[in-house]
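Each chain carries a letter (A, B, C, D and E) given by its place in the written order, and its residues are counted from 1.
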Amino acid sequence: MEIMKVLGRMVCTQRVAGLGHMNLRILENNKGKKLVAVDPVGAREGNWVFTSSGSAARFACPNPEVQTDLTIGGIIDYWEND
Amino acid sequence: MEIMKVLGRMVCTQRVAGLGHMNLRILENNKGKKLVAVDPVGAREGNWVFTSSGSAARFACPNPEVQTDLTIGGIIDYWEND
Amino acid sequence: MEIMKVLGRMVCTQRVAGLGHMNLRILENNKGKKLVAVDPVGAREGNWVFTSSGSAARFACPNPEVQTDLTIGGIIDYWEND
Amino acid sequence: MEIMKVLGRMVCTQRVAGLGHMNLRILENNKGKKLVAVDPVGAREGNWVFTSSGSAARFACPNPEVQTDLTIGGIIDYWEND
Amino acid sequence: MEIMKVLGRMVCTQRVAGLGHMNLRILENNKGKKLVAVDPVGAREGNWVFTSSGSAARFACPNPEVQTDLTIGGIIDYWEND
């Protein structure tokens, strides 16, 4: 799993049915790259989280056939970035 | 999911049966790399979209055994590139 | 899917049973890296092709349990490299 | 599988149900990047381990539908880093 | 599939049950990075091999639920490195 920071929400009204109404977050990884993740844990802006990618990202959702390749797995209690 | 920009269509008459007649788009990621994605949402040139990769890309298609590893998941309402 | 150029054939007599007698091609990606792909479409040296990776690579073969992680998905009609 | 070094434990009380109470470790790869992995072998700080990613990471756990994309596969008996 | 060189064996007595007694090899990719792979073909030090990653790596083993994400697929008859 990778460690990322939550930047904010993502607004995307036109999307595939496979994503349903799941919350999407914009995250930033340690190289400053912005990514989009499904959020089942309720992370907020500024939180440090860890994310699962690949097929593991789908198993974190109620429906494992959902179209996500990145899902927030948890909010880190304490993290000091390098 | 990654954030990419739609550059245009891709013409490819000679392809595997597993892709059927699905629309293919040429996308550009944040490093300027060009990639090919299946488009089930009808994105147009210049749109900012987010894409799912891996097995999630297949679940966005009617047939989850289709041969795609990159599928457009939605068109972003508003995006300002860095 | 990624865009690559076909460099030639690959000779490999000693290989796992899971690959059977499928044709193997040496491809070059946009960074000059050489990769090996299964070719079900009959691409020739100099062709520009797009490739599927991961589990999608397996679904392009008659047997989806074949041991490939990169398969040519189609030959691009026209491509002008940067 | 990749070779990584164990830096320590990771505290994360708020996480998805799919991870249960599995131990999480912070690892460092050869580029100095910190990653989070599930640890079923009991690795300790300073150990050199190898990790499996993707769907293989899930098959190392009792429940193959667990939400992990990185799992420690073993502790290396002897390793001298470059 | 990627092209790599076999550096030697890997000794790892403490490992997950999912890997059984399969032979592990240390490989080096074209960037000089060392990786660990399962070897079902009997490659020797100095051999050039190609490897399959992801779920394809598992299908090369007798048990497709084994915990490997990198498996040697074949020994290349002739290879001249750049």
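The rule we apply is simple: a contact is a pair of C-beta atoms (placed from the backbone, for glycine too) under 8 Å apart; a residue touches a chain by one contact, two chains touch by 3 or more.
As the structure is a computational prediction, the values presented were derived from the model and not from experiment.
Centroids of subunit A and subunit E (each the mean of its C-alpha atoms) stand 32 Å apart. Subunit C and subunit E have Cα centroids lying 20 Å from one another. Multi-chain contact residues, meaning those touching two or more other chains, occur in subunit D at positions 53-55, 57. Taken pairwise by the contact criterion, the protein chains form one closed cycle in which every chain touches exactly two others.
Taking subunit C first and subunit E second, the full cyclic order of the chains is C, E, D, A, B.
Looking at the complex, you find that subunit E touches subunit C at residues 1-3, 30, 40-41, 50, 52-57, 59-60, 64, 71-78, 82. By the touch criterion given at the top, residues 10-16, 18-19, 24, 33-37, 53-55, 57-58, 65-70 of subunit D touch subunit A in their complex.
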